[in-house]
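Structure provided below as structure tokens; questions to follow.
We call the chains A, B, C and D, going by the order they appear; numbering starts again at 1 in every chain.
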């Protein structure tokens, strides 16, 4: 079936494996982002207690000038293979490495990973881990400016103020996702954003709850009803006061216990605009 | 770059495009299922009100004897291209067509789709659609027996009996999925299984709820607390009484409003075993 | 367990079910978007051949002034319950209805759905359906301007130019997603964007391929190698020439057959900026 | 809004928080599985090189006799909070702990996680990590028998024998998933199952490939074409010879580069039946 490879193989060897990507391109179109997407890799993330190991999904992109046909994808992997310890602060080092190795003007990186915080149950003080979805992202622009974003998706309880008010007893409540995406002026701990998000909900979540804890969180949520509108306003108020944050987008999504769709609200604000 | 195609093309033409799949295989290993997976196709589903159009994801497999190298994948698509109207009853026709066209001993088919039921809100009677995930599946065995399964995933409200009992006020509740997978002795309507599932929860869900409806569903759930254990037992009791069902698996999953994981229970029973 | 409902119920009735959402809010924070998310609903979409029924996932949001506590979520559902026939052109009607019914300054709508095009196989001309993921979105601003976006995710074949050049025979190829997000100056058919995307790949996909068709698409892809960089440049060149489009973002993602991650490229351009 | 909590709270304190779950149930229906689902937790997995840290998603279920109303969900979390190091061998310890702590007849556990293997590229020998999805599961029956399953999902390259044979040049190929689910008679390394799966494909995948490696994998796949039918037969042949495996299900799924659906095949066999 196969064409006789001999002549062609000789030809290849003579060329010592052509570098097609480095050839010229004549379409006069620069590319904003090119690279690798959805690569899983273990990482060590700095946290308040020291560091934690987790598994991140990486997107790593650089810009490509109009005159070059393609980028060199394997170099992104080589940067990761050095297994850097990652923190909000070290993002700029990774971005610098990307522009250097790929000879690019600008670079863009996102890494999304599960992040764990050990929490004590509110009454029994039983310790357990809570998991959050965190995304660190950074950009190095052609003028060598660095922009860093942290995004946390924080599951929490929301209890409906309308349902509580109009009902003779009970109130519908549900799991919600509170999401903060913050552009940083200065580093802050991932745990600080999680704490802000949890304080904006009707009640925070825990891994282990014993019966006295379950009584506590049930009553706490009932005493503290919140619409999605309330939760994004609470988040915005707190982030407006936080000097280390230059811009933010906050979201609240309720996986409604009385509907098969979500209630949703969003506020965004750029203090530096 | 390309090897000169002329000689090879002539060769191909002489062979009039070889049928590689039909060749003999010598590994003496029959294949239980081979075919296409995750194909999206519009379908018309029979419902109590007549029929509804939806988009199904199909898996279509046949058995392959040990002596044959491969099946003919395009024939599955041809069967779907005839755009049959589908119901629990017509599954056996589709399965027959699969064994005939693919010259197979046995066939297996699943089609998963969103299914809509128009419901009236409990107080205001406002009409709206609720969506459910339904999977019809069928099997035709080498002995020409037909087995048909219907699976419905029904979102509902569950309210925790423990939380209600131990708390001074309120009770945590959340969206749950009640799942019934039933092997049928005789056809029944998808809507019948949905109604059974909804009756097993603390309260059913609706698309539109006006304030008097929201008051109703809040109080209804509070009056009707259910663990996942309670819900699967309610489902099992009802399916045990249903003569048209020969075997079932029932599941309840609570997307807990106080945890970031689910509570889950399952009962399975084969009356015909 | 339950507190005696009688007294409280009387209280409720006297208030005729309080409208908590309409109350004043004192936090002085307007909300950019509030509404419903991930609601499934059947729709009729206008296409070149007339129209097609499909199942859409809706997000519907309005802005909320700082002085109001909450929006009225059930009104979004009421708009959908009128079951409008939807096209790129009718988006502005839906947005107008949203600002009117919810007494809002601005509105934002997205609807994502599977969309089908009947295609003839390249040699045998056998007809079959191909499915694409389409998202229509629209925004009505406080100044009553309307912005409409169409996004299509088009699966296609890409064949690696480097692999072809350096290898004695064969070339790795894979399924790719070409994504066009276009802000429209004037309406165009969804099918026109799909055709643009398919022309940028190494080869387009089909539902049914008979053996002569399979030979055709294999050779066509081999004759037409494309990096992700090539594909986004091809897309950008064509969209630059298209007067009905005011801004675009184009993406190419290869689900690499030789890696467990994707290769990815993106170009974005706003002609009206 | 809230009913005066005082009287009720006194009542609660007197009861010292009621244990609703432990009450009697009169429906005479035992529950096959009840517990927690989709809980994320960090784990240490034994591998050939020692151990690796990863993030697992746990399902942990026990049986519940007909006479008891509910299980004690928090105890599953307590078992995980002891952060056991996990291997195929230690599954039986975890299952024993589950039946003991939850006073249950039988227990069922699954843990799914990304698993990494360091591989050298075939020509340049550059080292990089490849990620796989692994699920360990185990069952402890009422008669104290232990059943252990390992499932690996191995991404690989498949190249179509028909496309190669009928085409003048090239052959369509794509990323495939080869899945082995094996019931173990004796422990084996996860890496052993991965190696079996990779040997059944047209070529295995790597994180980093330099140009000489890319030439190698392209030619290797072209020389080694495989249908999904071929791949499951190769897997079955190898697992039939493996004495440590008592039963298996093997699957091959091609994310076809010429279609928008998958080709799929499955063989299952229970040697101990």
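Note that a residue touches a chain if its C-beta (ideal position, glycine included) is under 8 Å from a C-beta of that chain, and two chains touch if they have at least 3 such contacts.
On a predicted model such as this, the values are computed, not experimentally measured, just so you know.
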| item | value |
| --- | --- |
| Rigid-body rotation angle, subunit D and subunit C, from Cα fit (steps of 5°) | 180 |
| Inter-chain centre distance, subunit C versus subunit D - centres from mean C-alpha coordinates, in Å | 33 |
| Centre distance in Å when subunit A and subunit D are each reduced to the mean of their C-alpha atoms | 26 |
| Residue list for subunit C, restricted to those that touch at least two other chains | 2-3, 5, 8, 12, 17-18, 39-40, 131, 162, 165-169, 207, 209, 211, 215, 219, 222, 260-261 |
| Overall pattern in which the protein chains touch one another (line/ring/star/complete/other) | complete |
| Complex interface listing, subunit C residues touching subunit B | 1-3, 5, 12, 17-19, 39-42, 52-55, 74, 77-78, 81, 114, 116, 126-129, 131, 164-165, 169, 207-212, 215, 219, 222-223 |
| Complex contacts: residues of subunit D adjacent to subunit C | 3, 8, 130-131, 155, 157, 159-160, 162-163, 166-175, 203, 205-207, 209, 211, 214-215, 217-219, 221-222, 255-261 |
| Footprint of subunit C on subunit A - complex, ascending | 2-3, 5, 8-9, 12, 17-18, 20-21, 25, 27, 29-40, 59, 61, 64, 69-71, 73, 161-162, 165-169, 227-230, 232-233, 236-237, 253, 260-268 |
